[in-house]
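The structure is given below, and queries will be raised subsequently.
Chain nomenclature is as follows: A, B and C, assigned in order of appearance, with residue numbering initiated at 1 for each chain independently.
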């Protein structure tokens, strides 16, 4: 097989305020190969893609395309140079028709020939087996169909490099197979494909080579056939060996005895999680394990009523209560640190102080504001307690690093004196030191009698902190693991086999 | 000291504009700050600005809150003020002789009407999720006609002593009454912001409604509340305006004031896209607009050309404060800062 | 198998077409109601044509505004720019060197200049459109009063001829009480409206630029990722809006024959109301140019109806406000129902709106 290099990236670095997203990463794509780019959340995959396509500007490094150095300033430029991209979020216009979304921004004729465009689109849709009509408005298509349309658009562009950033997360089995057929056909034509996904089976089914990233660093490039699945997972998850010793797993206190702090039966939400049961006891740390999209976040959001709760019963200390809005949950002593720190967590332009006191202030009420002195006292106390690195308590939270922002949100919840705290990916995209600090804090809080749910993409973090793991797959609980001598292997097997272990 | 620095940083724009205007005025004539006493009341350039801007100041306070929470603007404030003041005039004229009681009851009645109009817009924006500007377009279209129907005739006249005193001066007090009322109103708001968590709630909702909800704040209620406050501000502004004029002209009362109010908010360093706000900035912005208007008059610019200068002035101001220019300045500053750290 | 599925799927109406359909239905119902209540006036063709004859400038302005709104912006300067153009034309035509062709160029030039100014500041410097077009409004008003303060009647013979020029449709008309046949008359402005309608509707439907405007208004970030030059697209929408305001100004003076400070004052708000009634959403990305005249006409018919009913003229504004209220609530409810997929309007295959031919 031909294996001429099309795209080569050398020593690529990219930083965002407070985070080094890419740190000296090399990457090589050859002609006619499907190259899987693997890594957990925050590993730097999407950043690498966006550096190639000109959405972000790299800080350092060199990119060559067919041996010539390139430097794209806009997605349009990349598109014109034969790089087609399908992004994780669907980058199409919902108010245009299917056919338009496939062809807009590509033609250079001033007139739109609807008939020809619709015919071309119909042919393309038909050949890919996409169940959509060219004249349909995109917003009336399902998300899966929209994703297929985005792929069809990229495929049709006659590109030499096709980048697929998690295109399969919303596709069903049949659709995935169709996509794979298509990828194989393109590969035969010599197109280089970069494929990102969270589904390991898919990687082994389709890819020739795998590049693994972790925490913005290159772990290595491997031939798919010579890298066993379990080894790939361990490379992706890694372990910060040097820090484990400092975290001591805490022994569950009176684990299953007595009345649980929180208990849910048949809970379901509008976000599409299947009805599930859940309990947590005083001083317990448990976790939801599963791959991205398995429903772990949706489950905890249902507990906090962050999404609309559509069914189920909730008891706190054995007493039935109504939790329909986040405010109800907060009033019952539940806290939730959201997965999307920027979209759901921080109030960007407000000061660290205001961000810390926010929820306590809401609980206290509209007519009882804290004086500046009181607020300052709280803020200073927690800045010291959690070791938040900020110039002053008056600094806007937006200028802090990711880890320190996360600590501010933690401080916000700790201040409200809660009984049960849900942490959804508190360690994502933050530096190693802070990750360890947060894990230690979880243990400390549990020893103090607080109940916690801890979710992380890095299984070893959960193993270190949780005494019970609830394993999820396809928006359903498939099993539960407990005990102090759990290993990563146990968890991975259960995830891979869907609870049959 | 730190707090002072923070407060000053976002006021740089309005204050520097004001200073610029003062310099221009002083160059024109050194007697700019001269204040004279006529019939026991103070007159002069500065008192005139304070007097003239009263309604605008009050309205821009409400506009600041609406903008911050809903990320949009209410364009019906002049109409709300006209309707609520029409109710005030109707009540005072209907009850025959104007006594302090009738004036106060009339004022309270107009406040209720103002709150109702605010609620009307607020429901559309918060529950029906209509953009603020579209929602308030309704009242903007029909408002003045409603006021005219309440009046029942063209420009009913408020010929009584109390109204006259509210609109101009109370004998024995050297400062014009609208100025005093404005100061009282500002003080009222300062107390409101001090004794409630309104600022925190409004800013949170304006910056990140999702996070607000997850922390127990109901964004709908907060947005609705800001529109209620806007309605109250309109009622007070209408009350002052109608007493100043001495008659209720439903066609021209506070016409197009929303343009100036939105401008005052923008000049005050507030983003029209919502979020953190500075009421002090908006107040200074409102006085700056009045000062600008009077400066242009004082420079003996043809009245016709005043609007042209105003437009040019706004454009320059907005270009200086535009995201592109601001980012550029930030980049330069950041570069200097890192150099210093190194 | 998949193609079967595709065929089975009914082509659901797009939001743009749905809102346009609602607007049209309401307009037709309103007009029918008017005919039934006041057959004396509304049954006459001339009444219908007069709606165009007298309101051509408003409709023309609404075209430009619709395009800006579809692109996700707003332009509130159009009324004042239109007013400025009328006065500029009047002053120019009263000069001895003035010519009608020159006046047309002048109107379009002024409009485009304003458009370029707005477009540059909004698209490239990313300043809020409301503030920029507000200062455009002030600028135009200021220049208008500076130019000439008193009403200025244009007396140039060629222009007066143009002003009084009517196109007579001999085969269409009504008989008056004496039985004399009065043919229908159309002003040139109406023709311009028709021509511009065809041009702009085609532009938005069949040109690359037009579709880019929809894309930018629908989701400007996605549009950028799809390879559209978002800034340039936005810029051009404002230039078009300025141009239509200029043309509207010329049509205005062609109808009234005089420059006046009050010309087209407040027209921007009427145009915004018309655009919304015609099914254009302020959020951008949704709208249909054919809806622009429908919206304007709906507004006008209501006013005519109220006038015919002998209600105070003041009541007109209240009723149009109320109507706007109903429209906005209706739009809001329909859109939210659609989001929840509880409401679908599917057209039979033989009835596809304008141009979207089945492949």
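Note that contacts are C-beta pairs under 8 Å (C-beta built on N, C-alpha and C of every residue); 3 or more make two chains touch, one makes a residue touch a chain.
From a predicted model like this one, the values you see are computed outputs, not experimental measurements.
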Shared chain contacts [chain B and chain C, defined touch]: A
Winner on C-beta contact pairs when A-B is weighed against A-C: A-C
Distance between chain centroids, defined by C-alpha means - chain B, chain C (Å): 32
Whole-Å gap between the CA centroids of chain A and chain B: 45
Separation of mean Cα positions, chain C and chain A [Å, integer]: 46
Chain C-facing residues of chain A, complex: 55, 74-76, 79-80, 87, 90-97, 99-101, 104-112, 114-115, 118-119, 121-122, 125-126, 129-137, 139-140
Chain C contact footprint on chain B (complex, rising order): 73, 124, 128-131, 133-135, 137-146, 148-149, 259, 262-263, 266, 272-273, 302-312, 314-315, 318-319, 322-325
Chain C - residues contacting chain A, complex: 1-3, 5-7, 9, 11-12, 14-16, 205-212, 214-215, 217-219, 221-229, 285-286, 352, 355-359
Chain A to chain B touching residues, read off their complex: 304, 306, 325-327, 330-331, 336, 338, 343-350, 354, 358-359, 361-369, 392, 394, 412
Residue ranges of chain C in contact with chain B within the complex: 74, 121, 124-128, 130-132, 134-139, 141-143, 145-146, 149, 269, 272-273, 276, 282-283, 312, 314-322, 324-325, 328-329, 332-333, 336
